[in-house]
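Below are structures written as structure tokens.
Okay, so chain A shows up in both of these, paired with chain B first and chain C after.
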Partner chain A sequence: MLFLKTSRDPSGVWAVTEACAHVIVAGSGLAGLTCAAELAPEMRVTVFERLPVLGGADWEVDQISVLTARVTDAGATAVCGTQALRWERSGLFAAGMAGGVCAADLLVIATGHRPATAAEWGIGGMRCGGVISGTVATHLLASKVLPGRRPVVLGDSRLARRVSAELLRAGAHEVIRVAPGPLADAVAASGITLMDAVPLSVKGRPRIEALEVMTSSGGVVTLPCDALVLAGKRLPYRNVDGALEACDTVVIAQCCEGEDSDVATEQAGRAAASRVRDLLHAPSARARCGLEAM
Partner chain B sequence: MPQGNATGSPSHRALDVAIIGAGVVGCAIAHRLTHFDLRVAIFEATSDVCGGASRANSGMAITGFDCAPGSLETELVRAASPRWEQLTEQLGVPFRRVGELVVALGEQDLPALQALAGQADAYGIDADLLTGEQARGLVPALASDVVAALHVPSEAIIDPIRLTIAYAESAVLNGAVLHRSTPVTGFRLSSGRISQVRTAQGDFSCGYVVNAAGLQADEISAAAGAEDFRMWARKGQFILLDRSYGRLVDKIIVPAPSEDTRGTLVIPTTGGGVLLGPTAVDDDDKSNLSHDTATLRGVLEGAGRLVPAVSSAPHIKYFTGARPASDCLYRIHRSEGVPNLVHAAAIRSTGVSASPAIADHVVAILADEGLECQPKALPLRRPRRTVPVREVDPMTYRQLAAGDDAYKTIVCACEHVSAAEIRDALTSPVPALSLDGVRDRTNATGGRCQGSYCSVGVGLMLSNSCGCSAHAVPKDEPGSQWGVGSD
Partner chain C sequence: MKVSSPVGVYPFRAERLLLHRRGFRLEGAMGAWPATIESSYRDAAALIALVPPIPVVRRVLGAMIGRRSGSASRNEEPHESQSEGGKAW
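== the complex of A and B ==
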């Protein structure tokens, strides 16, 4: 496909400058914006964001608002309130405020990260209420809902540390943080117990009553609790059908499992940008994009 | 908004038929009975339809080619099989005749395959014996040591939860009253017949009673002073794989039957995922549906022998079903002692597959006992199915979104479920009352992230619809709510 690059001159007038490739970035968090900011001066870039504002959930964060300005000033298009659904030969099928098919040469997956699910932890036991993801716990706490008075928070991540502190502030009596291996913040805050253990199974019906864990010494311990917050193993979150793995038209801008910092996330965005350049400079991609004719 | 609940008016308390249990069997019977001019009610102990074995099974609509001849089970399974295309079209239930491969992993399995081929032939069901090479031509992911396979193209997959809900919705739309969270607590008998069903919502007089109470069918029978039998749970654990793996396996894969077990199956789901399982362990504890990782490892090993690639696939969730097992299968008959009680019980493994034929069979028994089945004068109303975003092409999507703004909000990003689908699940003739209820109807929260992102949005819509506060949003049954308190 052949696209025209538009950019704004210093007087603010949009002008068509040259023929170039079109790259869609799905997601406008730190990784997506970092990638888009690098690419926008060089090619046509469209950023899709499921939430109504560029920057997504973190749009108010300074680092994010600086990036959104860079991205839009460089001439990238922002499509907000629109969820990328399917990557097909003809482009991206998205649903939402600006739903439809958007033709493009490459798709960058910058759809963020999520905590591991109970199945991914290998947790057995009953199906009980009160077992929630750390992201859900954060939202509930923001809505003044207390998920548990004696919660267990699973995982050694920024999310786990944040949720634990918020739970205590919101009125939890005690938080037990469980993760396999020594926890990064070896000194626990008051009210937080740290435990090096592997979760085995949950008990309780209809709501959780206990979590069974295996400690580092091999013993099985039952921890009475009234909530289990899954907040560990930050995993890449992928939900665009046809773009679950990298290929010659899909580039991933996500951290690897276990990477859990803004620096790593930015780095994933920059690495994706250079991967996009490599793919576009490959002769086969140039032919596919119609650039060889120029 | 239709609620499918009791109004308490006297006319609702006088029933021609009271059905106990809103599983696939009870709801199929209600659906069938509402074709006639009858007052029908369903009483369900749990908070939603499809609370038991109907929800946690292999999601197959079998032809019966591998069922031994001579039983009522085989007869009803075979009678139901050809009807699925029409029925699922009418009810809007996902269904596909994907076909099945019964595979032989060695020469020792060949006689079993040949016997099954002969039986399928005798039933008039198409079945072809294939070489291992030919079988891998159909399903390239099949293990290299599969030496032969029996291909049965008409074996099918179905969404058992949506089937049960659709039966219930159709029944309610056509006049049946569904009482959820309403356990039957006893009966009043006069002259040897049940005159009243006693429930947590009061007493209902009735002409006939159908016992479709699944695992609790023995307790219902005992409470009516009818047959003495025992039900227990045959538990089956399952692993659901990511739907990116659905492409790998587009047929049901079954090991050749051995003396003691049917083995682990690999089953594509109508939602595009793959199910591995089930196990089969008898247990008197009917309520504990826990799973354990040691058993699931065994499931994974068994499935890996058929399709090695499943070993490395991501797991979406684990679940356990409790089949209603008994010493005598398909206890579908008029009670000897209580002539206006009909048992539809001990339907252990094939309730989904046989459900339309079971319903017809039960209605025939009721008619034999004197129930007057006058077809309704008005045409039947059919449940309206909201078109899911994930099933449409971009052109259709634009049309949907132009006509309904709720299609512009994607709530569940993993399963691509829009606010329109969730809204309609919350206002259907059998509305969702819990997070799992919404998932059962739309698949929202049922994908890769298991609700990490969307369950807040689903919960908000649910709390608006039910009028409950955010902390009280239940996962499933009362008491399974999100929060322990709020400011």
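== the complex of A and C ==
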């Protein structure tokens, strides 16, 4: 496909300046915006965001606001309130405020991360209520709903630390943080108990009453609780259908497992931009994008 | 202006204020999502209850809204569209 890059002259008039590739960035968090800000001055870039504003849930964070301004000033198109659903060679199928098919040469997946599910942790036992994802817990807490008075928070991530602190502020009596291996914040805050253990199974019906864990010494301990918040093992969201099969037209802008910092996320965005340039400079890609003739 | 929702707190941009006989309609957007605030003079009592207890402010507001509410109910017609006869600002 052949796309045209537009730029604005000093009087504010947009004009077509050159033929270039069109790259879609799915997700406008730190990684997506970093990638889009790097690429937008060089090519046509469209950023898809499922939430109604660029930057998503973090739109008010200073770093995100600066990147948002850079992306829009460079002429990138923001498509907010629209969920990227399926990638095919001809483009992206999306649903929402500006749904439909958007033709493009490359797709950058910057859809962020999610906490591992109970099954991904290998937690057995009963299927009971009160076992929720850390992201759901933050939504409940923001809506003034307390998931439990004596919750167990699983994981050693920023999300786990944030949810634990918010649970205590919202009125939880005690929070037990469980993670395999030594936890990053070695000194627990008041009301938070840290435990180096592996979760085994949940007990309780219809609602969770206890979590069985294996401690570092090999003993099995039963922790009474009324909620289990899954907030560890950050796994990349790969929710754009067809994207993983198209490795020559898709670039991933997500941190590796275990990386959980803004620096690593920004680095993932920059690395994705660099990979996009490499892919577009490959002769096969230039021919596919119709750039050879220019 | 910001509005909270189940998916987070997002900016609200007011685009059009429509006054009509029974109240007002504020049209705008919460980012990319269209959003509307609609209020009738029947909401007045609840809104006044939210105003800090400064007697003068309450009395003035009550008088203003009561007058508009009275004239609205006199002119009220059954099955009339909310936006009919409105004026955009």
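Here is the rule we go by: the second predicted complex is superposed on the first by the 292 of 294 C-alpha atoms of A that agree within 3 Å, B and C clash if a C-alpha of one lies under 4 Å from a C-alpha of the other, contacts with A are read in each partner's own complex, and residues count from 1 in each chain.
Criterion: a contact is a pair of C-beta atoms (placed from the backbone, for glycine too) under 8 Å apart; a residue touches a chain by one contact, two chains touch by 3 or more.
Given the structure is predicted, the values throughout are model-derived calculations rather than measurements.
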item: Fit or clash - chain C, chain B, common chain A; value: fit
item: Contacts of A:Gly125 with chain B and chain C, given as first, second, both or neither; value: first
item: Touched partner set for A:Met97, first chain B, second chain C, both or neither; value: both
item: Touching partner for A:Cys80 - first (chain B), second (chain C), both, neither; value: second
item: Partner chain(s) touched by A:Leu51 [first = chain B, second = chain C, both, neither]; value: second
item: First (chain B), second (chain C), both or neither touched by A:Val136; value: first
item: Touching partner for A:Leu200 - first (chain B), second (chain C), both, neither; value: first
item: First, second, both or neither for A:Trp59, with chain B first and chain C second; value: second
item: Gap in Å between nearest CA atoms once chain C and chain B share a frame through chain A; value: 7
item: Chain C-contacting residues of chain A that also contact chain B; value: 81, 97, 139, 143
item: For the chain A and chain C complex, residues of the former touching the latter; value: 51-53, 57, 59-60, 80-82, 97-98, 139, 142-143
item: Touching residues (chain side chain C, partner chain A) in the complex; value: 4, 6-11, 29-33
item: Contact footprint of chain B on chain A as seen in their complex; value: 50, 81, 83, 85, 93, 95-97, 99-101, 111, 114-115, 117-120, 122, 124-130, 132-136, 139-140, 143-149, 170-171, 200-201, 203, 205-207, 226-227, 230, 237-239, 241, 244
item: In the complex, chain B residues that touch chain A; value: 244, 287-293, 296, 314-319, 389-390, 394, 397-398, 401, 407-410, 413-414, 416, 418, 447-453, 455-456, 470-471, 474-487
